[in-house]
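In what comes next, chain A is part of two complexes: it sits with chain B in the first one and with chain C in the second one.
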Partner chain A sequence: MHLEEEDFSYSGEALIARPNNPSSISDDEWGDYLFMRKNPKGRHVEQWQHSSGCRKFFVIERNTIDNTIYSSYTMIQASKEIKHETN
Partner chain B sequence: MKYSIFSLLKQGLKDNKEWPEAWSSPIIKSRYDVVIIGGGGHGLATAYYLAKEHGVKNIAVLEKGYIGGGNTARNTTIVRSNYLWDESAMLYQHSLDLWNGLSQDLNYNVMFSARGVYNLGHTLQEMRDIERRVNANVINGITAEVVLADEIKKRIPLINISKNVRYPIMGASYQSTGGVARHDAVAWGFARAAAALGVDIVEQCEVTAMDIDNSKIVGLNTTKGYVATNQVGCVAAGHSSVLAEMANVRLPIESHPLQAFVSEPMKAVLDTVVMSNAVHGYISQSDKGDLVIGAGIDSYNSYSQRGSPHVIEHTAAAILELFPAFSRARMNRQWGGIVDTTPDACPIISKTNVEGLYFNCGWGTGGFKATPGSGHVFASTLANDSPHPLAVPFAIERFYNGHLIDEHGAAGVAH
Partner chain C sequence: MRRINPVLPSAIINNAIEIDFIFEGQQFKGFDGDTLASALSANDVKVFGYSYKYSRPRGIIAPYAEEPNALVSLEQGGLYTPNAKATQVELYQDLIASAPTLNPNSIEKIKPLFKAFHRFMAAGFYYKTFMRPQKLWMLYEKVLRSFAGISKAPVDFDSEHYDHMHHNCDVLVIGGGLAGLTAAIEIAKTEKSVILLDERPSLGGTTYDYPDEAVGSTNQLEYMNNIISQLDTYPNVEILSRTTAFAFHDENNVIANEMRQDHKPLSERNANLSRQRLHKIKAGHVLLATGASERPIAFDNNDLPGIMLSTAGLSLLNRFSVLAGEQVVIFTNNDSGHTAANYFAKYSQKVTLIDTRSNSPDVALNGNVRLINSSVIIKANGKNSVSSVTIGERDQKSNKNVLTETIDADLVLVAGGFNPVVHLDCHTGSNPIWDDNLVAFAPNLSKQKRSGTGALTGYIYATDVINNAKEQANNIINNSITATTAQKNFLNTDKFFNVESFGGKQFIDMQNDVTTSDIQLAIRENYKSIEHIKRYTALGFGTDQGKTSNVLGVAIAAQSQNLKMSEVGTTTFRPAYTPVTFGALAGQHINDLFDPERYTPMQPSHINNGAIFETVGQWMRPWYFPNNGDGLDGAVFNECLKTRESLGVIDASTLGKIEIHGPDSREFLNRVYTNSWTKLAVGSCRYGLMLDENGMIMDDGVTACLSDDHFIMTTTTGGAAKVYQWLENWLQTEWPELEVYLSSVTDHFSTTAVVGPNSRELMLSICSDIDFSKEAFPFMTWRAGTVCGVSARVMRISFSGELAYEINVQSNYGRFVWDSVLEKGNKWSIVQYGTESMHVLRAEKGYIIAGQDTDGSVSPIDADLSWVVSKSKQFSFLGERSLSRSDTSRVDRKQLVGILTEDPSEVLSEGAQILNSNTNSNMLGHVTSSYFSPTLNRSIAMGLVRDGLRRKGEKIIVATAKGKRSPSTIESYVFFDPDGLKMNGNESENVDG
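On to the complex of A and B.
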C-alpha cells in the first residue's frame, strides 16, 4: 500500500530514554537527554506518527542521504529489538 | 588587482580576456596555525577577519565542494536584524552594521540593498507580538516600526489586503534598514579578500578525521593529506554534526532540507521583502527580475539537498494568498540546502571540551544575514581563545544550564 508523506508526522530521533531519576542526575546528563542528538549522515533510527490515519507512533530506520527505509518497528518491537542490538 | 572603474576600463579595452583569477588555488600545506573547516560565507568571513583584524598569518579554509556551492548560494538572501531578545538582536545588528560597508571593505560588490523588510501579521495575537518585537527592537537601537494594512497596500500595490481570505493581512513590522544582498557575491567577495591577505582556500578537500591527543586538537586527516594544526574552527552548517562526531562532541543540531525557488525574470513589481509567519512564506524580487521565494524546512532529518514536493506546494499557496497576481508566473528553478537547526532557533558559537576545537553552527534557516557578523565574532573567539562579548550567550553551555534564547517567534520561519 502506498501512503503520502503528508499522512505522517515526524518526531525525530527514536529510543531516547528518559532518565529514571531526573532529580538526581547532573545538568549535563539532563541537557544531553533533552537536547543533544546524533543527527547522523546515513542510517537514522527515528520516530514517525501516522497522524492522519491510525495515530500510532512507530519507528523506522531510514537513510538520511537517499531516504532508503531499511526496516520499521512498532514502538514495543523497537524498544526491545533495536535497544538489544545497540547494547 | 583592485577592482575599480579604471581596472574595468583597462580590462574592457582588452576584451575582458586578462582578468586575473579572483582567488588562487594553492597546494595544501602540511601545517597551519588555524584551519577553518567549511568554505561558505561564514567560514570565509571568519578567515578574512582573522587575517585582517587579528593578524593571523597562516590560515587555511578547507572546503569539501567548491566556493559558492553550498548554503551561501542556496538561500533567499534576506538580511535583517529585527530579533526579539537582546542577545540575538545585538548579534544580528552587529552583522547588519558590517553589511553596510561590506562592498567597500572587500572591494567587491556584494550588492547589499537596504530595500526594507516587512514581517506580516494576520491575527490579533500576531499583531500584539509584532508590537512587542518592534518595541524591543527600538529599545535596542534597531530601526523598526509597525505598519497597518492600508499603509502596506500603498507601499506594495500588488499585495492582497482583502478580508475575504483565510488569513487577512492586518499589519506588519517594517525594518527599513533590512534588505537583500547578492549571495554568491558574498562568498566570492570574502574568498577573494581573504586570499589577498594570504589565506589558503583549498577546495575539493574534505576532512575525514580529527587527530585529537589528550583532549587537544593536533591535526586533521583530509582527502588531500594530513594537516597539522592546533586550532580548528568548524563552520560546516548542515554537516556540523558529522564533524562533531569525529571529535566525540555532542551537538543539539538536526539537519533539515530547506527549499527555495525562483520564477522567470519579470519587470520590477516588488521593491521590498515580504515575509509571513502565518501563511508561511517569504518573497522578494532579485535585481535580475526573478521572484525569489522560500518557506519552512522539511520536517525530517536529511542530508540530501532536496525536499518533498508538498512543501513547495504549500509555499506557492502561501505566496499566492499574499500576491494573487503571481499565479501566472512560471517557476524557473527549485533547490534545497541543508540547514542546521537548534532547539531555540539560535546559533552556537562556542569552544568545546577539546582544546583548540571551536564550533560556529546552528544558524538554521537564517544564517545568510549573519555572514559578516558571524565571521567577525568567531574570528575574535578563535584569536583570543575566548568568546567575543556578543558570542558569550551563544555558547553550547546554554543547553546544559537552561539559558536558552528562544527566537522561534522571530526566527521560526523568517530569514
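On to the complex of A and C.
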C-alpha cells in the first residue's frame, strides 16, 4: 500500500540533539545547533511527520537526488539504531 | 493533394461518415477518423499560418505532437482552446477552428512593418533593439506579443470541468505502439497489473504509417490488431487511450492527462463527465515505449509549405488516405527514405529519392523511384508552397555541393533520421547520451525500476521491435533489467544534419523562426553552451518544445565549434512533454473546493446579521457589520465607540485551543513559554509568549489552569496548526520523558467575548451561579458556571483594555449563547464587532498581534515584552539561550514603537518605510499596524524602528511607495488608557496582572 506524499510533512534533518545545558555553551556552539545542517546531495537522515494521519514524527533515510527512501525508523529506533555523526 | 479512393485498408478514416467543420470561417468536409490536419490537407489547404518573425507561410511538417507550425485555436467562449496542434485535433461535426496567424487583417498589418526589419532580425534582435529606453519595453512587448504567432490567451472562464484519479500498478507501459503492446501482453500473462498509456485515439503507434511491414507471414498491422483484441481479454490490463504521460517524477510517479471529451461534437459532450482527467500513477516498474520522432535536414527555404517530414507524408497517406503530392522528392540520409519512396511510388506520378549516402544498403527499391545518391537538396523554390527543388552533388570531403539540376516537386519529404523520444526518461534528471551508432541521443535509463523498448532504444523494424519488447517484458517478469540500446546502426543513418547554405534561410526551429545562421551568430557572440544558445536564439522555446529542432540545433552548435555531439549535449527536458491546460492540473480543486473554509457555529447568525467576512487562515470571520449601509470606516467607528462606551461582543471561536493533560503539563509549559507556570493556581489564567529557538516571537495567547494536571492553551487563529505541530514535535522527539498529552480542541468550544464597561451587568443577567464581583472574579481568572442555561467556562481576559468576559461553551451551544447575548445585550445597546474593530481596539492599547507586528525577527525584548520573560526558570525554555546571542542582545535592534502623524487625519500605510527626519533617508524601520482610532479621533500606528525604545519623542518621516512623505513622531505604543483604569469596567479596582 502506498500513502500519498501529501499526507506527510517534512521537518528537517533528524537527530539534531538539543544541548542539555544551553547556558553553559558558547554562542558558536549554540549557533551550530541552531543553523548548521548537512544539506547533502545524496543520502540524508531526516525527520518527517505523518501530519494528515497519526501525527507521529519519524525518521527516514532519503536520497535527496531522486527521493529513494532506504529505511524508516520510529523516533525511539532512530535514537538507538542510527549513529549520530556530528557536523 | 487528394483523398485516395477507395480508402486505403490501413487508413483509420471511415468515408461513410462525412463531417462538416469550419476553419478560418470557411466550411470544409472531412471524414470520421480524420484529424484537422488530414482533413484540411485532403481539401488542399497547405498554409496553416505565417511565421512570427518573418511572416513566411507555413504548413504542417510533422505527423503528430512534434508539429511546430500548425497551431490552431478551437471553439469560443468557455470552450475556447488555444494553441492546439492541427495534427492532434480529432475532427468532429461542427468543429470551429481558426489559425491565429492566418487572419488576413493581422497579416496585412504585420507584413509591411516587419519587412523593413528582415535583414536585422537575427538572434538577439529583441534584446538589442527593444531594451532601451526601458520605459517603452511594456509597449514593445504588447505589440510584439500580438505578432507572436500563437493563440490569444483565453479571456472567459473555462466552462468545462476536470478531475484527478490515482492508480497503483505493477507495470506501467508508456506508449501503445507495437513495442508497448507486445510487452504489455507478455507481462499481462503473469497476472501482474498493467496500465498502458497511449496519447493517440487508436492504439498501434506508427504501424498504420508503415502497414506493409512484414511480421512472419503477416504484416505488422494485422499482428498488432491481433494483440489488441487479445489484450481486451486480460482483466489485469487497463488501457488508457488519448492519454499523454506528460511528467515522470521520482519513485515512478507518472502523471498523465486523458482527453475524455475533446474529440466529441459539442452537442454530444456530457456535462456530467470531466473534459479531461489527470491520472497520477505510481508504478512498480515503468517500461518506456515512447518511440522515436523524425528530425528534418536543414536546407535553404526548407520551411516552404509542401515540405514535411517523411513520417508526416506517410501518416497522411497510409493512416488518412491523403496523397499529399504527385511529384514527390524525398530527401534522406538513412534507409527510412527508401521505405517512404516505395509507399509513394504506388500512388504518385513521380518519385525522386535524394540520398546523402553514396550507396543505400538495406531496402529494396520500387523500380519507379529515381534514386540520386551522394546528393542533397540545396534549396527549395516556390512562393506560397514548394514548386521545385535544386539538387546538388555532395563532395564527401569538402562538404561543398556542386549544383546539378532542378526538379519539379509539389511535395518534399525529408527523412533526417530518428530521435528516440527520451523526454520522459529525462524528467527525473538523467541526461540522454549521444550514441554514434544510432546517430541520436539515446535514453539514459539508468534509474531503478525503469526500462525501455522499441524505437526509443533503437529498434525500428517490426521483427526487431517484437523481439526486443518480448525480451524486455521477460526482464521485467524475471526482475533482471539489463542495458538496452540497439547495438547496430539505426537505419544506416548518415551523420548529416544540414546542407551548406546557398545564401537563403535554413530554418531549424520553425515555431520561433530560428535559423542555422542564428545559432552560428550566437556562438560568434560567445553564447557557446547549448543552454545559452537556446536562450539567446529561443531555440526550442515554443509550444512544441523543440521536438523537431533540438538535435539539429545541437548538431550546428557542434559543427560551428568543432565539438562532438556528446560534448555539446542537450538542453534539459522538463515536464510537461506536451502542453497541459491549467484546468486539468487544478482538477476539482477550484472555487469552493480550492481550500476548505472553516466556519464557527455562529456563522448563520453572522450572515443574518449582515456581516462582511474576511478569511483568516481558512476561517471565515466577520470583518465588520455594516449598519444602515455604513462602509468599513463607518461600521468600525460605531463598533469601537459603542464597545468602549457600553458593550460589544465578538465571536472569538476561531482562536486555536489546545488541551494539555498529564502530570508533567506545568513543566512542559515552563519549557515552551517564556514565563513561569509552576505556581499558576487552578482557576487562574496567564498570558504566554512562545519563542522559536532563535529567540523570536512565534505565537502568544492565554492559558488557563483547569486542574493541577490539566490546562487549556489558546493560540492565534492563524498560528494554531503550527503551534500544535511545534508542541508535538518537542514532546515526541526531544522530551519523550514528559508525560503530557495534547488534544486540539479548537472546534470543540465556541467563544463569545463580551466586552465593555457594561459587560459585568450583562453577565449578571445571563448567569446566576458565578460571583462576578471584582474580589471573587478578578482579572486573569476563569470560573465555571451556567450561562444562558448552558454549562460554560467564563474567562476574565481582555484584548481591548475593557472589562471583558469570554464565554466558552460546547460548540453545539455556541450560536444559542451568541444569539442570547445579542438579545439580552439590547438593554445596553450591545454592538457586535468584527476583526477590524478588534484590531483597532487592541492597537489603541498597544497589544501586538503575533504575525502582524512581529515577523519572525522580533524578540520579546524588541517587542518590549521583557516582563513576560522569566529569568529564573531552571530549564532553559525554548529560545532563551538565543536571547543572549550577540546579535539578539545588541541594543540597536528594531523595536516596537507607537507612531503619531502630524496630521491627525492621515492614516499611514502598513508596511510604509520609516526614515530619519534629518536626512530624509536612512531607513529606520517600517509601519506594522495603522488605523484611525475612533476613541482618540485621530490616526494611530505601531512600527518596528531601529533603537526605537530610546527614540520616544523623536521626529521621523514615514515614506510611502508613491513618494509621499508624512512627518510623524515616535510615541508610546499605548495610546489609550495607559494606566489600565478601564480594565475593571464601572468598578474601580487594582489591576492584578
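Observations
Convention: the second predicted complex is superposed on the first by the 83 of 87 C-alpha atoms of A that agree within 3 Å, B and C clash if a C-alpha of one lies under 4 Å from a C-alpha of the other, contacts with A are read in each partner's own complex, and residues count from 1 in each chain.
One rule holds in what follows: a contact is a pair of C-beta atoms (placed from the backbone, for glycine too) under 8 Å apart; a residue touches a chain by one contact, two chains touch by 3 or more.
Keep in mind that what you see is a predicted model, and the values were worked out from it rather than measured.
When the shared chain is aligned, chain B and chain C each come close enough to touch A:66.
Residue contacts after overlaying the shared chain place A:75 against chain C, while chain B stays out of touching range. Looking at the shared chain after the overlay, A:31 reaches both chain B and chain C.
Of the two partner chains, chain B is the only one that A:10 touches; chain C does not reach it. Looking at the shared chain after the overlay, A:22 reaches chain C, while chain B stays out of its contact range.
Of the two partner chains, chain C is the only one touched by A:57; chain B is not.
Overlap of the chain B and chain C interfaces on chain A comprises residues 4, 9, 27, 30-31, 34, 65-67. Residue ranges of chain A in contact with chain C, taken from their complex: 2, 4, 9, 11, 17-18, 21-23, 25, 27, 30-31, 34, 47, 49, 51, 55-57, 65-69, 75-76. Against chain A, in their complex, chain C makes its touches with residues 166, 168, 250-251, 282, 428-429, 447-448, 693-694, 725, 728-729, 732-734, 736, 876, 880-882, 885-886.
Against chain A, the residues of chain B that register as touching in their complex are 239, 241-242, 245, 250-255, 299-304, 308, 310, 343, 399-402. Per the touch definition, chain A reaches chain B in the complex via residues 4-6, 9-10, 12-13, 27-28, 30-32, 34-41, 44, 46, 62, 64-67.
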